[in-house]
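The structure is given below, and queries will be raised subsequently.
For reference, chains read A, B and C in written order, and residue numbers begin at 1 within each chain.
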Amino acid sequence: MDYANLLAWITSAVTFGTVIMLGSIGETINQKAGGLNLGTPGIMMLGGMASLTGAFLYETRAANPNAFMGVLISIVSTIVICGLAGFIYALLTVTLRANQNVTGLSLTILGTGAANFLGGSLMKLSGGVGQINVPITSRAIRASIPFLSEKLGFLSETIFKFGWFVYVTVILAITADLFLNKTSVGLNLRAVGENPATADAAGINVTRYKYLSFIAGGAIAGLGGMFYVMDYTKGTWANDSIIEALGWLAVALVIFTTWKPRNSIWGAYLFGLCYWLFLYVPSGINAVLLKLMKIDRSTYLQNLYQMIPYLVTVIVLIFVSKKKKRENQAPGALGVSYFREER
Amino acid sequence: MANKQPLIRITKNDNRPLWQAVIIRAIFIVLALVVSSAFIYSVTKLNPAQIFASMYKGAFGSARRTWITLRDAAFMLIVALALTPAFKMRFWNTGAEGQALIGGLAAGAWMIYFSGKIPTALLIVLMLVSAIAIGALWGFIPGYFKAKYETNETLFTLMMNYIAIQIVEYFVDIWDTKGSHSVGIINMESEIGWLPNLFNNQYVLIVIIALIIMIAIFVYLTFSKHGYEITVIGESVNTAKYAGINVPKVIMRTMALSGAICGIAGFVQVSGISHTVSKGIIGGRGFTSIIVAWLSKLNPFIMTVFSVFLVFLEKGATQIASDFNFNQYASSIVTGIMLLFILASEFFINYNVIFRKKEDR
Amino acid sequence: MENYAVELKNITKTFGPVVANKNACLNIRHHEILALLGENGSGKTTIMNMLAGIYYPDSGEIYVDGKLVSIKDPKDAFDLGIGMIHQHFKLIDVFTAVENIVLGLEDKEKKNIRYAEKKAREICDRYGFDLDLNMKVHEMNVSQKQTLEIVKTLYRGAEILILDEPTTVLTPQETEKLFNVLRNMREDGKAIVIITHKLHEVLEISDRVTILRKGETIGTVNTAETTAQQLTEMMVGEKIELNIQRDLVEHREKRLEVKNVTVINQEGKKVVNDVTFDLYSGEVLGIAGISGCGQKELLEAIMGLQKCEEGGSIIYNSTAHGVHQLVGLTTKEIIGFGLHLAFVPEDRLGMGLVGNMGMTDNVMLKRYRKGSGPFLHRQQPQATAAKIKDELDVKTPDLEYPVRKLSGGNVQKVLVGREINNKPTVLMTAYATRGLDINTSYAIYNLLNEQKKKGVAVIYVGEDLDVLLGLSDRILVLCEGRVNGILDGRTTTKDEVGLLMTHRKGA
């Protein structure tokens, strides 16, 4: 594989990796507070659509749309809509004590449906025809960082060539890790997910922590959808539900990282590399595989390469459960509703 | 400072009479319909009466549509029934989509490679048997690791869906002769490997298959020794061990069964409904069925009602969308809203909510 | 009127149909240790949980320092200076000691880990606690966890301390240490409540005793002016002769020969260590020991539920079924052989029964495989269930009513009834009367004695030494998984058993 190819591969991986990383940070916060949210893929779809709708309305209605406002509106709409989805999850699973798996899956059905519905209808609903497009906002989110991406030679070409939001995401992952492990609020949050009865007895408002964690988790995961729409599809919408597929990878990544956001920084890019592996496999390897499998076109193989992240996750899942190391286990009360007067 | 009671208190209610439960659920379904209508109204400006007329038309507007609704409900029912033994064991099989899909793939493979080369009846039997076998395998794998290492089954089965999808994509490419990334209707002319018509109707057999499985699952869980073992494990693994039940064995066996029935669903889909293979043939019903099974409290008969109801909503919403030139995802929105509301209603059935009385200070 | 530290007036609390407290009243003073005495299920813990904000009363009033208060959650309780040390420790296993101490605090200074570490160290030094503040809780033993709980509560500035059955998990030395600490805290002016059902502890540590029975306050007496006899009467309501009929069965045969049995748990600890003993027909072998010293695992090993390490042997010898080596057999094989080993486990609804099933299906639990074909045969179990219901007077609406909804005593009757109905040659019971009222407890003792007279070999694992001494022909004492002595139940004394429970010979 030549250098250009390698760079292209890394670029694609970083883009998708960033989407997955955001989803997984959100899901980790969710799970650390005891909520396995299978609605995350749907919430990410919603995030993509919310950011696009927000920016689209702004760019088409404002007299002189500017990039800063576009980005701001896009991020705020994502956070509001996805925070709301997180709130619905909290309302159902905490206050109304519904089953987490079922609630999450319902949210994914609703979120995916709503996003794809609007994706196909937004133009029509707003009275126009043609493709939705938010060039100004999208360009602003893809912008690379001025000095770092230009003046550092090799470094600029490799690690600093991406859009600024990629670095924001990495910082967010580090922040989330520090927040969970080094702050007292993070300590309380983890206590809620480990053992809510104990947290309750310690005076922690379990309900409030769960609500806030699920809302924050939803909002952060939603940003993953926003980044996909603004960066990868450059401010347009495609009804292919790739965000949803990435969302499931984000859920998988939480396990892969053994619930530690700092691991998601490399884990997400690794997933991204796996996702795009099919395009960059050296032809020699493909040739051997084709011969072994007695098929004639290498494009067939790409489907199998795309299976790798899921296979890897399954292997990690088995490995983690086999080792049973205390520090690497899921939060103690993950998936369990807490009701104080139950006895 | 007054000794005030909290504003709202919640107490468990184990023994709510059935009629109350039905009324509570009905109220929430109506609420969900109101919210859905509000959504549809905001998009289409149809009034509620028109909305429901249109939905009815979509689901039951003609004999053909009614049969399609019943057909899809039957399919959803089979998947929900497949999940029931696993759920009863408290094994969260979220992999029905993949188990059905991979079963459908196996059925399709026979049609593609052996149509006309072996007797059609034999072909259909082989399709069914291989769909069952591979579906069972797809369920058995996560079951094995759950039994052996307590590997989280929710996430494992979830991942197995995507592995199945990629395998299907791979074969679709291999079988695609026109470069269109699709297989097309298999044996369109000859209809070899298609489920036969019964009473001159294409779909009666599917409904019958679903009803047979429904009764079989009911009997299996209620009256068989296997069913008893599953119930005990679902209640308490320790009790099961105490009773000498080989827990790992039952987990693996039950998951294989769950996958096998999903495999039948996949077979029904390919042989009786879509007559093609693609990653979309299950269409998310593997996930919707999870919710159907759960909301029916694993009661096969209630599952039937839920399946018909959800398919009705789906067909109705799709009809509205097509009348107004919107895409078919409108139905996911309506389904999602409905599911969330029914989930919420469970709380009001299982608990009493007591507001602080005025005279209490 | 005296200003009490805490005053509870006419507290009522119900859980569904169960009345946990009914118009209960009590008061607590500073500079005082109050013992809250009552049988299991008398509502002691529930009423204190309402003071700690875990539950909220249905009706009644709570005054703290003379002021009417509403304690809606544990935070309200902290703010009022009330701290409770629960029987099941409220600690997060994967956190360190100091992380547990700062958990949930909002005060800027107090929630700082370094500050907390310094202050907690001071508290430890003051009372002589030995606690590694950076140790993870899952690496601690029970006594360390309890110490941590107390330090945590004190760090939070508790003036009113409630301890729920603090000594059940402790050795006598640890108990003595704890009592000294409590006395020191009393000197400091703190109000202390100790929930217990052990009379000697009440007499040793408390200044006053409040007695609860069936959720109601029976009375409060000064410790100095009362006797064990009076307290017992107030606690149980009627004068009870703790005199269990104990016959001597003359003809005995060896039923179990347990040799060098060792069980290693998941953490790699030898929970049962080289245990050897024989069990004879027509006797009750009591097993004594502080909780968690291997009783549960020993019984489970005999049933094939725990893996025995290499070298162990359990020979089952019955006239009717011949001689069998049980080590290496699965539970299913042991049941399937028709070996009549009955086992009443400690966790009734979590192990012995299925809560959501009715009596019929529960009676079927160990023999559902019987009969040919893939289907269940319910007729015979149904008849058996009806028989058990009549003979043991089980209060249930019908045979299909979920046993989970029955009272504790009825649940135990279903379980014991099923095990006895299988005509056992060996009957093993673990904490068979825990949580039951006195009448049901005696009904169970009588059932065990009847079985013994029929020639059944009975193992009785218990926690109440009076009962063990009154019921057992021989008493095997376990200490840290080892047999620390086998005593004659008729001649031994509580002191002797208590000593063997806590001091390992040769250690």
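Just so it is clear, a contact is a pair of C-beta atoms (placed from the backbone, for glycine too) under 8 Å apart; a residue touches a chain by one contact, two chains touch by 3 or more.
Small disclaimer: the values here were computed from a predicted structure and weren't measured.
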Graph class of chain-chain contacts, one of line, ring, star, complete, other: complete
By count of C-beta pairs in contact, the leading pair of chains: A-B
Euclidean distance of C-alpha centroids - subunit B vs subunit C, Å: 45
For subunit A paired with subunit C, centre-to-centre distance based on mean C-alpha positions, whole Å: 47
Interchain centroid distance [CA atoms averaged], subunit A/subunit B, Å: 27
Residues of subunit B engaged with two or more neighbouring chains: 11-12
Residue numbers of subunit A (touch at least two other chains): 341
Of subunit C, residues touching subunit B in the complex: 16, 56, 61-62, 67-70, 72, 303-305, 330-336, 343, 345, 347, 349-357, 361, 364-366, 368-369, 374-376, 405
Contact set on subunit C toward subunit A in their complex: 15, 52, 54-55, 73-75, 78, 84, 86, 90-95, 99-100, 102-105, 111-113, 138
Of subunit A, residues touching subunit B in the complex: 36, 38, 88, 91-92, 95-99, 101-103, 105-114, 116-117, 120-121, 124-125, 239, 245, 248, 251-252, 255, 295, 297, 299-301, 303-304, 306-307, 310-311, 313-314, 317-318, 321-322, 330, 335, 339, 341-342
Subunit A-touching residues of subunit B, taken from the complex the two chains share: 10-12, 43, 92, 94, 145, 149-152, 154-156, 158-160, 162-163, 166-167, 169-170, 173-174, 284, 287-288, 290-291, 294-295, 321, 325-327, 329-333, 335-337, 339-340, 343-344, 346-347, 350-351
Complex interface listing, subunit B residues touching subunit C: 1-6, 9, 11-12, 14, 223-229, 231-232, 235-236, 238-239, 241-246
